[in-house]
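In this document, chain identifiers A, B and C correspond to the written order of the chains, with residue numbering beginning at 1 in each.
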Amino acid sequence: MRYLLQRILFYVFTAWAAITINFFIPRMIPGDPVKSLLARFQGQMSTDAIDSLYVLFGLDKDASIWSQYLDYWKQLFHGDLGLSFTAFPASVSQVISDALPWTVALVGITTIISFLLGTGLGVLAGWRRGSWIDGLLPTTTFLSSVPYFWLGLLAIYLLAGPDSFFPSSGGYEPGLVPAWDQYFIPSAIQHSLLPALTILISSVSGWILSMRNMMVTVAAEDYITVAHAKGLSERRVALGYAARNALLPNVSGFALSLGFIVGGTLLVEIVFSYPGLGFLLFRAVGAKDYPLMQGIFLVITISVLVANLIADIAYLMLDPRTRKEG
Amino acid sequence: MSGEPVLEIKNLNVDYGLGDQAVRAVRDVNLTLHRGEVLGLAGESGSGKSTLAYGLTRLLAPPGVITGGEVIYHPENAEPYDVLGLDDRGLRKFRWAETAIVFQGAMNSLNPVHKISTQLNDVLEAHEPKMSAHSRTARAREMLKLVGISPDRMDAYPHQLSGGMRQRVMIGMALILQPQVVIMDEPTTALDVVMQRQILGQLIELRERLGFSVIFITHDLSLLVEFSNRIAIMYGGRIVEEAQATALYRDSLHPYSAGLLGSFPALRGARRELTGIPGSPPDLKGMPTGCSFHPRCPKAFDPCAGNIPVLGNPDTPDGSARTVACWLHPVKQPVA
Amino acid sequence: MTIPTSSVEQVIPGQGAMAQPEPAKPGRARRKRFRFVANGKALTGLIVLGLYLLFAIIGPWVAPYDPDARGPALTAPPSADHWFGTTHLGQDILSQVLVGTRGVMLVGLAAGALATILSVLIGVTAGYLGGGWDDSLSALSNVFLVIPALPLIIIVTAAAPGGGDTLVALIIGFTSWAWGARVLRAQTLSLRRREYVEAARANGESTWRIIIFEILPNLTAIIASGFVGTVIFAVTSEITLAFIGIGSVSSWNWGTILFWAQSQQALAQGAWWWFVPAGLAIAFLGTALSLINFGIDEFVSPRLRSAGKTKIKTASGRTVRMRVGFTPVLSNSSAPHTHARPIPVNTAAATPVNRSKEATQ
């Protein structure tokens, strides 16, 4: 339990750090871009909305940094991330909460599948050295060196098209209303197949390779020889002894590299115009919609932290040495 | 000693690597383990004693390769067979049920992520699939009790046990299927001296009760003199001398055995001067010609550098009960 | 985006299985370095990287056209005049790729160098000094590790005015040092407890002397692999920034090419030549760098090398596989290999060989 508490404390600290970074970034740059945008919406915005943007971007030069910081936190606790310029008059929190489920579904599920698939193949590759999976490694290395978004472009070029089963853009058939019904769900799944495949292909090799290396390292441990000496079945030795131990560093590696992976996968959304956070961020960057960018960064960071915490809990359950005080 | 063999090693050869890069670690070893005895195997590091033990159960990690020989196992009430000729399934069945091993390094022999009970249970599940879960647990508890561990530690993880306790668990695990042969590879080197004697004493007592045979590998000759019946000394991958423990201790024939004995303080009997052996163990890649010990041997003479001495019974009063491979002791009857 | 695949980076302290670089003696160091280059993967990677560096230098000179110059052939497929085809404005794509190489390599190497310096400073300091230093520096690197780097880089670059290669390199460098620092901290921690370091400390050597002469030389492989890993990350990040239209807008890099390809609907027009060359250029560079890292990994922990010969023939002509737990038996005949025969020796007349060296002992 102490381990878990420590981790939670660390994530709270990291969240605080990320929020503080987010507070300072707009304050280190001239406020002109935001001011000029504000000028554009003059008259359409309520004074409340303008006030909240003043707090977010530190336009109120009279207030001390400290009181700006306190106001900023107060606003965050109310879930107020300001107004989006591009989706005006919708608020940033509204726009993000529309996009978030798409990203969680696409990136979340594919990342987990990729981890499980890669780890499984890595177990095979590490256990049976010199098998066909070893021959697969150069190809996967090459694929993992390609930026995700470029692989997405290639996938669209090769597989999508007007006559193809795979739609080249969007999250669902235009004209459908997002709902949990028999029209929308299949369409959403069909639209997510190609982006998911892209993410899978480019991220799976990393897991294969790291799990293979861990298996090779673990196979030389004494307890593996003991397991063989005990006359256990090949399956039991490979899974219960070797893979079970090799999995531990791979799970903590998973937790640590989540930030990297999520960053990369968001780009796939851009290529496929997938209605998630990545595509939203792309549009926000293009339109210089600073409040939206800041909000997306915060939400992505918090999501990654939550995912990290879940990975930590998984690790806790896998490794008895952290579970009980030794 | 009944004199009935339980394990016969015949001309076993083990290499590391293949082709040109091959290094021979065990050379033409002939050794017989008799029912109920403790056979000590001693030598410096690199002498091939551990390679021999892992080789005969085919547990050597790559690039280890068995290039020749036979390991004949004599089951209690069945025909003898060659362990090296078994297929994978047969070998799995043979392992642990007939020959169990207690490894060196008690710390890493247990799987860190499974409970003690799971690891004991694994053995029973693999070898006695028909046994009920209840009787498996009962058997595991019984084994722990046998080696002096409270059965309520069944659900402990390895990291929660001390080094001595872990090694006891390993011994209990080795005996759980009542094997005929237990190989102990430096079983107590990682433990303190008091713990060493306690565990070895307990093991000898268990052997008398359960009647298994032991191959006891160590570089600590004084432990062997105390705990084993017969001792074989290895050097450069060969057995250079083999005799009853007391005979070897009282008058060793091979100069290397004498050197080894001179390197350790004796625990019992008259005090001796500690000498040690000059030089270092041979490089397996470039073995000296003739007797591989001759460059370090204080008694080397003409034939030593040119010809490999053959292992056989020497021309001494107790010659029929011991063997040696040394030109100083011409062989009456070579071991075949 | 590449997941850090290096096993050196995957090592989590306290989990065992640490790829420990053995503290090499100076005499062996040269031979080992030679062996690293002899590693096929590393050599391939280094050769490809060398080609990229060459084009980074000579690219703008050998480019057949000015990358900005418009031509008459619009969105033309590859031809003898334009090997990689042209853009919607008739610009030569080969020239854009060649000219873009310099920017990509400069930003990648500069950001990688900056991140490596930071990671060495932070990681080694934390690992060696321990205590409060360790706690605060480790917390700092962990924070940077879990905050998703790319979105952070995007919002910082988007907020900063102007853009430009230098700024992009700085931002990437300052946000991507955490992996390296973490691995270096763990390794320094274990090196610090080694006997030769303890001995140097007992001799009263200064902390900085110990770090520079005793610790750093043994971290070379990890630092190198961290550098290569960060360069991969920096290159992809930089190209990504250009692709989504922020960062260096004035200069050409492969991301800029992809940006124009994407915004001008190259896909819908079937203009594959517009985005394939730049993507392949990234992919080959990334592969080369990964290969170098595999080479370093295998150099550090030889176990990871491909198993080499895994199948062998037995005496009976069957083929068996080398594998853990089942040592192959090549022949189980009990005929002895060496034919030692007893020969009569007259021991009574034995004259001990004169071995003066041992005799004195």
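Operating definition for what follows: a residue touches a chain if its C-beta (ideal position, glycine included) is under 8 Å from a C-beta of that chain, and two chains touch if they have at least 3 such contacts.
Since this is a predicted model, take the numbers as computed values, not measurements.
Asks: With respect to inter-chain C-beta contacts, which pair, A-B or A-C, contains the greater number?
Replies: Pair with more contacting C-beta pairs, A-B versus A-C: A-C.
Asks: Farthest chain from chain B, going by the mean of C-alpha atoms per chain?
Replies: Relative to chain B, the chain whose C-alpha centre sits farthest away is A.
Asks: Would you identify the chain whose C-alpha centroid lies closest to the centroid of all protein C-alpha atoms displayed?
Replies: Central chain: C.
Asks: Roughly how far is chain B from chain C, going centre to centre by Cα mean, in whole Å?
Replies: Chain centroid spacing, chain B to chain C, equals 45 Å.
Asks: Indicate the whole-number Å distance between the mean C-alpha point of chain A and the mean C-alpha point of chain B.
Replies: Going by mean C-alpha positions, chain A sits 55 Å from chain B.
Asks: So the centre of each chain is just the mean of its C-alpha atoms; given that, what is the distance between chain A and chain C in Å?
Replies: Spacing between the chain centres: roughly 24 Å.
Asks: Can you tell me which residues of chain C touch two or more of the remaining chains?
Replies: As it turns out, chain C has residues touching two or more other chains at 307, 310, 323-326.
Asks: Among the residues of chain B, pick out those that touch two or more other chains and give their numbers.
Replies: 54, 59, 61, 88, 91
Asks: Residues of chain A that touch two or more other chains: which are they?
Replies: Within chain A, the residues that touch at least two other chains are 220-221, 225, 227-228, 248.
Asks: Once bound in the complex, which stretches of chain C touch chain A?
Replies: 1-5, 7, 10-12, 15-17, 19, 139, 142-143, 145-152, 154-156, 158-161, 179, 182, 232-233, 236, 239-240, 243-246, 258, 261-262, 267, 270, 272, 275-276, 278-279, 282-287, 289-291, 294, 297, 301, 303-304, 306-307, 310-311, 321, 323-326
Asks: Quick one: which bits of chain B touch chain C in the complex? Just the residue numbers, please.
Replies: The contact residues of chain B facing chain C are 10-11, 13, 18, 27-28, 54-55, 58-70, 82, 84-85, 88, 91, 278-279, 296, 298-305, 307-310, 312, 327-331, 334.
Asks: For chain C, which residues count as touching chain B in their complex?
Replies: 307, 309-310, 312, 322-338, 340-345, 347, 350-353, 355, 358, 361
Asks: Considering only the defined contacts, which chain B positions touch chain A in the complex?
Replies: Listed in rising order, the residues of chain B that touch chain A are 54, 57, 59, 61, 88, 91-97, 100-101, 103, 105, 108-115, 122-123, 126-127, 157, 159-160, 170, 173.
Asks: Going by the contact rule set out above, which residues of chain A touch chain B in the complex?
Replies: 220-223, 225-234, 236, 240-241, 244-245, 248, 318-321, 324, 326
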